[in-house]
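The following pair of complexes shares a single chain, chain A, combined with chain B in the former and chain C in the latter.
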Partner chain A sequence: MRSNRHALNTALFLLPLVLAAQDKWGSRDGEITFFSSTPMEDITAVNPKVASVFVPSTGAIEFSALVKAFEFRKAMMQEHFNEDYMESDQFPKATFKGKVIAKSGDDLTRPGAHAVSVEGDLTMHGVTQHITVPATMTTAADGGIQAVCDFKVKPADHGIKVPSVVREKIAESLDVKVKIGYTKL
Partner chain B sequence: MRKRTILLILLLLAVVVGGLIYRSSQAPPASAAGRTADLSVAATDLFAEFRKDEMEAGKRYNDKLVEVSGIVRSVSTGRNGKEVLLETGDPMGAVVCDFAVNEKPGLSAGDAASIQGYCAGYNMDVLLQRCSIAH
Partner chain C sequence: MKLTTHGLFRSSLAFALAASTLISHAQDDLLQVLGPDTPTVQYTSASFKSTRVINGQSLENLPQGVLDFRISHRFGYLNSGINEFYGLDQASFRLGFDYGLTDRLMIGIGRSTYQKTVDGLIKYKLLRQCDQGCGMPVTMNIVAATSVTTLTQEQVPWFADSAADDFSNRLAYSFQVVVGRKFSEGLTVELTPGVVHRNLVATPEAQNDLYNLGLAGRVKVSKRIALTGEYFYVLPDQGYREPFHNSLALGVDIQTGGHVFQLQVTNSTGMFERAYITETTGDFFNGDIHFGFNISRVFTIYDPKAKARKKEQENAK
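And now, the complex of A and B:
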């Protein structure tokens, strides 16, 4: 009897943790791509190791990307990106912490594509900006969730200075594409 | 005549140097293959150092060619090529070795391995890029 009560107490104590765990979705291999296009040069970089957690019941969403994990076609571009612009030794990660806002009455766990907006704080180069961007979350019949989001980022908004010598090669506003496939944690 | 020869040599030199500089500016990021590692460490220790103090471990390992030894947790195919995860003693984190294109690790889960790659830091896992098998 005593051991039964003990088991019940333990189960009740653990229940919120279990519920919280059931509701969490995550990815360690999300992809963030950015494009800079100018008449002088087109630059693309991909980070295929973005970590993200999404909680559908509350809409809470977080991303974390290692700046050094952005892969460029040319070694020299990668070096300049890390050393001169992003200063990745000092600011090793770019992060986002915010909320997915579904349209009124929309249930994100229902299979299909859902147009949502994502609102929160984007921190890059140690500077945080509050952003609101449109995104699409597609829920598969087996429950997997794919999130896709395109938006623009201005390096200047995050205190990133581009020397005048290369200003014509780097766009004032970069196109950013986020693609994450979530699985249940 | 002599002046013209000197000018011609200088011009030729400028073309060669310019060509070399242009070529190096177009080169892709280097793979770890055929290089000598800057540092050697066990996968469990590398992960523990980053978990303890990310900034401090970053100063020691980031951008360095690191040789990591450990037991293979899994092998999969990533965006660039093969991706080998090494055990860290923590089920929530691994040392992720992203192999360079065309590099074939020839490893399976449970194997003991020594892999070298460029350390990019810690983001739930420790990430090594452009890896090759260490010899």
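And now, the complex of A and C:
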């Protein structure tokens, strides 16, 4: 009797955990790359340690990237990026919180490529902008999800000022590429 | 039976509690299901904008593969009058190249107009202040520098008539420990205990070794502008020192991309250790002040991560 009750307790206790965990997909090693291209200089940086969670049933999606984890080709550029532009001591993370909107009738859990749109709040340098961008989610037969998204970000939209002396070297609008391989949590 | 009901009640309570935590959890931050962030080691960066505070060494080293081309210029004394255009007619100049062999080891060479001196230095970062993932509270560099004058014997003020014109008599050395801390984004302070050894000095009363202590700091006033100051105190009771003074310098750092401009006022004419620590003749508070500037331009010569990146790209294909 005593052990039965214990088992029931445990089962009831675990039930919500199971319910909640069932539906979440996540990754800790997503990749965000950005490019700035001008006639004077091409700059590129990659962050290979982006955390993201995606819930297919509700469409909820979140990203978090440590600003200091962006790796540049030139060490001095990385220092200036953190020190002068992103002020990463003050704003250590760039985040996105939003929703994946599938085409009506599309089931993202069905294997194959799905064109979706992602809508939500992008926060970097302490400034939040509401964005809507197209993305592709490819669901594999084994259930893994690959998400790819290309969009543009203007530093000025996030309160990042570029001094006039280097304006010719830093593009007004940066190309951002997001690549995440989700696994079931 | 009573017990069972009680047990069930407890179970439901546990259920409710667990459910509510989870719900609030989910609302707070979806990312928490990934678990806590793995702490990565992060060393403090940009304690100073440049490898020099003004004349003296800062806590910074050049990253591996980076070449720093430095032009340092001091005009004449501000109190030299209109005939000298308040110092702008005169110039003391140092041209230097520094290079980062590794992220912790830097070498440099320079040529100064001051006593036509060539100097070389080697700087090693022994300790690195840590922001996250480790506990080191300070950054510590050790710097060894040497200088040699190329003037003829008669022109060198400290070359006594009796001294032989040996190469070794033209040499001086400096050893320094630069230890300091970036207390906040806005404030960095460092101490530089050191010794300057001169192989030859002007009079028997002067000592070859001069122990000295530098104090320097930086206050950042905006993203690209910082105020700097440094003072080198030569410890007392080290022989006859007239007419020399301690070196004081106050400056402004302005950073724009790959350049750092440093503007300063200082009573020191030379820009290597023997010159500014032991041979500063100006009295700052008497108006013997040089206006000056340093320009630092960095170039990435070698990219240590290029190979790894190329390999990664090939693997990805």
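Everything that follows uses one rule, which is that the second predicted complex is superposed on the first by the 170 of 185 C-alpha atoms of A that agree within 3 Å, B and C clash if a C-alpha of one lies under 4 Å from a C-alpha of the other, contacts with A are read in each partner's own complex, and residues count from 1 in each chain.
By definition in this document, a contact is a pair of C-beta atoms (placed from the backbone, for glycine too) under 8 Å apart; a residue touches a chain by one contact, two chains touch by 3 or more.
All figures in this text were calculated on a predicted structure; none of them were measured in a lab.
Asker: Clash or fit: what happens to chain B and chain C when chain A is overlaid?
Answerer: With chain A as the common anchor, chain B and chain C collide in the superposed model.
Asker: With both complexes overlaid on chain A, does A:29 touch chain B (first), chain C (second), both or neither?
Answerer: first
Asker: After lining up the shared chain so the two structures overlap, which partner does A:64 touch, if you call chain B first and chain C second: first, second, both or neither?
Answerer: After superposing on A, A:64 lies in contact with both chain B and chain C.
Asker: State whether A:39 touches chain B only (first), chain C only (second), both chains, or neither.
Answerer: Neither: A:39 stays clear of chain B and chain C.
Asker: Please indicate which partner A:185 is in contact with in the superposed arrangement: first for chain B, second for chain C, both, or neither.
Answerer: second
Asker: Spot which of chain B and chain C makes contact with more residues of chain A, would you?
Answerer: C
Asker: Output check: A:80 vs chain B and chain C. Expected answer is one of first, second, both, neither. What do you get?
Answerer: second
Asker: Going by the contact rule set out at the top, does A:55 touch chain B (first), chain C (second), both, or neither?
Answerer: The answer is second: A:55 touches chain C but not chain B.
Asker: Now for A:165: first (chain B), second (chain C), both, or neither, which partner does it touch?
Answerer: second
Asker: Which chain A residues come up in both lists, the one for chain B and the one for chain C?
Answerer: Dual-contact residues (chain A): 28, 51, 64, 66, 68-69, 71, 73-76, 89.
Asker: Provide the residue numbers of chain A that touch chain C in the complex, in ascending order.
Answerer: Residue list for chain A touching chain C: 1, 5, 8-9, 12-13, 15-17, 20-21, 24, 26, 28, 51-53, 55, 60, 62, 64, 66, 68-69, 71, 73-76, 79-80, 82-84, 87, 89-90, 97, 163, 165-166, 169, 185.
Asker: Could you please specify the touching residues of chain C with respect to chain A in the complex?
Answerer: For this pair, the touching residues of chain C are 3-4, 7-8, 10-12, 14-15, 18-19, 22, 26, 29-31, 33-34, 37, 40, 42, 45-46, 63-66, 103, 185, 223-224, 255-258, 298, 300, 303, 305-306, 309.
Asker: Under the stated contact criterion, what part of chain A meets chain B in this complex?
Answerer: Result: residues 28-29, 31, 46, 48-49, 51, 64-66, 68-69, 71-76, 78, 89, 92-93 of chain A touch chain B.
Asker: Given the complex with chain A, which residues does chain B contribute to the contact?
Answerer: So the residues of chain B touching chain A come out as 24-30, 54-55, 58-59, 62-63, 78-80, 96, 98, 120-125, 127, 129.
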